[in-house]
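Sharing a structure with you now.
By written order: A, B, C and D. Residues from 1 in each chain.
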Amino acid sequence: LSGVFEGKTTGTPISILIPNQDANSSHYEPLKHLLRPGHANATYLAKYGLFDYRGGGRASARETACRVAAGAVARKLLAHYGITLSAYLAQIGDRPLSAEDPLPIDLLNEAIALGDSLGGIVAFTLSSLPAGLGDPIYEKLEANLAKAMLSLPASKGFEIGSGFSCAVMRGSEHNDLFESGSLQTTTNHAGGTLGGISTGMPLVGKVAFKPTSSIRKPQATLTTTFEPTILTLPEGSRHDPCVAIRAVPVVEAMAALVIADALLLNRCATL
Amino acid sequence: LSGVFEGKTTGTPISILIPNQDANSSHYEPLKHLLRPGHANATYLAKYGLFDYRGGGRASARETACRVAAGAVARKLLAHYGITLSAYLAQIGDRPLSAEDPLPIDLLNEAIALGDSLGGIVAFTLSSLPAGLGDPIYEKLEANLAKAMLSLPASKGFEIGSGFSCAVMRGSEHNDLFESGSLQTTTNHAGGTLGGISTGMPLVGKVAFKPTSSIRKPQATLTTTFEPTILTLPEGSRHDPCVAIRAVPVVEAMAALVIADALLLNRCATL
Amino acid sequence: LSGVFEGKTTGTPISILIPNQDANSSHYEPLKHLLRPGHANATYLAKYGLFDYRGGGRASARETACRVAAGAVARKLLAHYGITLSAYLAQIGDRPLSAEDPLPIDLLNEAIALGDSLGGIVAFTLSSLPAGLGDPIYEKLEANLAKAMLSLPASKGFEIGSGFSCAVMRGSEHNDLFESGSLQTTTNHAGGTLGGISTGMPLVGKVAFKPTSSIRKPQATLTTTFEPTILTLPEGSRHDPCVAIRAVPVVEAMAALVIADALLLNRCATL
Amino acid sequence: LSGVFEGKTTGTPISILIPNQDANSSHYEPLKHLLRPGHANATYLAKYGLFDYRGGGRASARETACRVAAGAVARKLLAHYGITLSAYLAQIGDRPLSAEDPLPIDLLNEAIALGDSLGGIVAFTLSSLPAGLGDPIYEKLEANLAKAMLSLPASKGFEIGSGFSCAVMRGSEHNDLFESGSLQTTTNHAGGTLGGISTGMPLVGKVAFKPTSSIRKPQATLTTTFEPTILTLPEGSRHDPCVAIRAVPVVEAMAALVIADALLLNRCATL
């Protein structure tokens, strides 16, 4: 809607509108007076005294479409710097996956058949990132990535480099040693940052996503006036059996946005 | 230095100065021209063209003393609201610990004897937190906690509630069901927030800390002009065998600061 | 578009879209390669290497429609607190006006006949404002008002209370003395704030607006390749003879937004 | 205290401490329970329920020493870019002054003899500023300057370029025409910015300062419990007869800080 003219950004804010042309709020009418386990409507109610029950309101993962759109703009900047970025589903349920593995349809079908849902882990990598992005104290690169990823609906954890597995390593094992004649290291337990600043090695991390809260299986819950009841999702309401699948491009988008900010800010750092 | 008068805060910024009265920079002189594996001096050099080699400069964990001091102020606000906060060492090396377990001196002595260091995991809990803290989009409580924790030196991961273990859970298992007649839930896989806002259940999370980068064991490294050399820590330089131990009060301080901000901002949310 | 549900705000960001349904960019085609005296297109060109020539792009005063829309939301909060807010045209050209004076059509017609434009001054008043809004150091109320007003297109100056006339006053004359038994003062040279914080007296200020840069009268200028030329506004392009007239509701909107922020933030200041 | 090592900035925050070694708080003891006309202690009391009566607390103009110190760092960056900056007292009481005029001691002595104080106006100029500093919407250069100047104790107004005198000008007169073959203009009514962005012409503005609130002349006031009383300044308390005089370097410092920020941020604007 704004900020782009004749194919170029103008320097003014870029505004993008994605109309949801296939929404049917009436499907959510039966959920109007129900607390939904694992959903944010109870916390919205506690904070604001009301919630928008249609499709999960602003807590819906639909919201991440905006992030992907903004990330597409950020990725143009990354491309300009020759930075490549990709994410993939590294685990679904208890099944670890590589970047090349296809989606395990068997697991999904099983979850769908049970009226249940699956959690997962998304891994991301940024390559050809220059050293020097990020700041030493208040805007550490890994801290901004952590905030970006934990701002995603359903995310429960963030790791960079060795992540939680660092606990069982020795310093002599975890320290990445320099290759001859460069800042490149032979291992990358750091995951691409040290002290808040990119090292020039690939930036690698993981984000955990809980199983979709909305499940077909009936669940005991309360009404908004605290009466016990059973929650059964209305016909026509739409829910993924595993949010982590759709989270892959969203994780990419958030990584792109954080790195784009860091790239621009880093231009201020040297004369 | 400022902001407090006759035992009360005045509303103006509080300034605290902690002089390091036991520093001896000369111990670090031999490190002046060395890249230190696992340390931020290589990234500072890449970004700024120089680094302060004395005691690790601003990347030193000494910096966290300021966070603990600021956290002490924030904790007074938490106490006013009746919120309790504690952290403990939940793992050191491969040894899981409970909040009551003493520090495993055997593991530490072993690491010291080897001239090596250990990683660890710190767990934190906030109890009696009101529901409604945090914001639905830009300042999600879990996102701000993630940023706070990943801003800590040596931290490699952050989890809230079920964390990475959520991947292997089903939705029917992960969803926390409401207790009769309240917003309390019988389980707490969410870990105290849903959709960026506190649920009123205990806020529980974990932070992973890598093994201390500074180790007595000699390491292959490069000089700042990329010549291969051996790094041996100078006599008199001081290093912990496990930063996670000292990180316990720092994690508490960061949690207190994030919650204090959220408590104050939440006062804006309802009329 | 968002943030409001069944007539109430939901706590999530409010999005408002105002489509310009009566735009004809072709009118601006002849201005494509011209620097326009008094306009921002030369500075946009210097900064970004391009500019959106259609209707002045983002530097157009059309942009202030968004501010008025946002201000309308903020005014609801002010009304909740019983705060009243109004602005009026206090001067047009060399003619001072009171809040009750009608618009001097004679001056406008004269300017239109000459193909020229007029400057003006807008005065604003907020009444029944509580004491205590604003902050002592970083977010002073008068500083935030000054930023808000100087962010308006065509604004050249901001005053609070006595403003520039304070220079010729003595301290014994300028100091507002307290009325018996209250924080009210008999005069209001301060204009409603002291040390960044509202006094509880009416908040009064003024904003100066330059004469509209776009005038019918031909002007010497340069092309974007620095060739001398004559700028004559195209038929069909639309320009006010005095922006200060339309600035009245915009000044009100900006005052409402600043005060709404201060009202909300002030809720954090006391337990 | 931090951020500088061997004569160079390290990229980490610079901390400067200026101890006040000549303070005697006991002089202010008699003011402990008095509202001081024209001072912020009444608004601090209204907001926080207490105030630090010693030397005006944080509302004291002593606070501006920090700004001058920070400005000195910012000026090094301006010097690197070849930007020159100066301010001067342009008016004291009703006496206009040029940059070369000496301080009118007669006016000051007269005010001192009367136990009274004088207002004034400070003018500032930045030359050799590049075009392109500032942003089109949210961080307009003139808006940030306005906020910076109105954040100064005792300031009541800010003007850029023609300022309030723009009201009486016609557009044909106010529009700055381009010199042949460049973005330079023959006049500078804009004062160095258009649409939030520097034009490359000198950046010129003015700041109004009210007469010092603290005067020797006794003034009617109230106690903090609203009893009528007479305020007579204690012997030994120190007050300038005209704050505008000392404001000159402070205005320079604030201008330097705003421009330094804009210079650094502008590095992000082009690839």
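Methods note: a residue touches a chain if its C-beta (ideal position, glycine included) is under 8 Å from a C-beta of that chain, and two chains touch if they have at least 3 such contacts.
Here the structure is a predicted model, which means the values were calculated and not measured.
Each of A-D and C-D has its own count of C-beta contacts, and the greater count is at C-D. Distance between Cα centroids is largest for the pairing of chain A with D.
A repeat of the A-C interface exists among A-B, B-C or B-D. It is B-D, with more than half of its contact pairs matching by residue number.
Computed from the mean C-alpha positions, the centre of chain C lies at a distance of 22 Å from the centre of chain D.
Mean C-alpha position of chain A lies 45 Å from that of chain D. Of all residues in chain B, those touching 2 or more other chains are 11-12, 44, 47-48, 58, 136-138, 269, listed in ascending order.
Within the complex, the chain B residues that touch chain A are 35, 37-40, 42-44, 46-49, 58-59, 63, 91-94, 111, 114, 116-121, 131-132, 136-138, 140, 142-151, 153, 155-164, 166-178, 180-183, 185, 189-191, 193-200, 206, 208-215, 217, 219-222, 226, 228, 244, 266, 269-270. Residue ranges of chain B in contact with chain D, taken from their complex: 1-3, 5-6, 8, 10-12, 17, 44, 47-48, 50-52, 54, 57-58. Residue ranges on chain C touching chain B, taken from their complex, read 11-13, 80, 135-138, 264-265, 267-269, 271.
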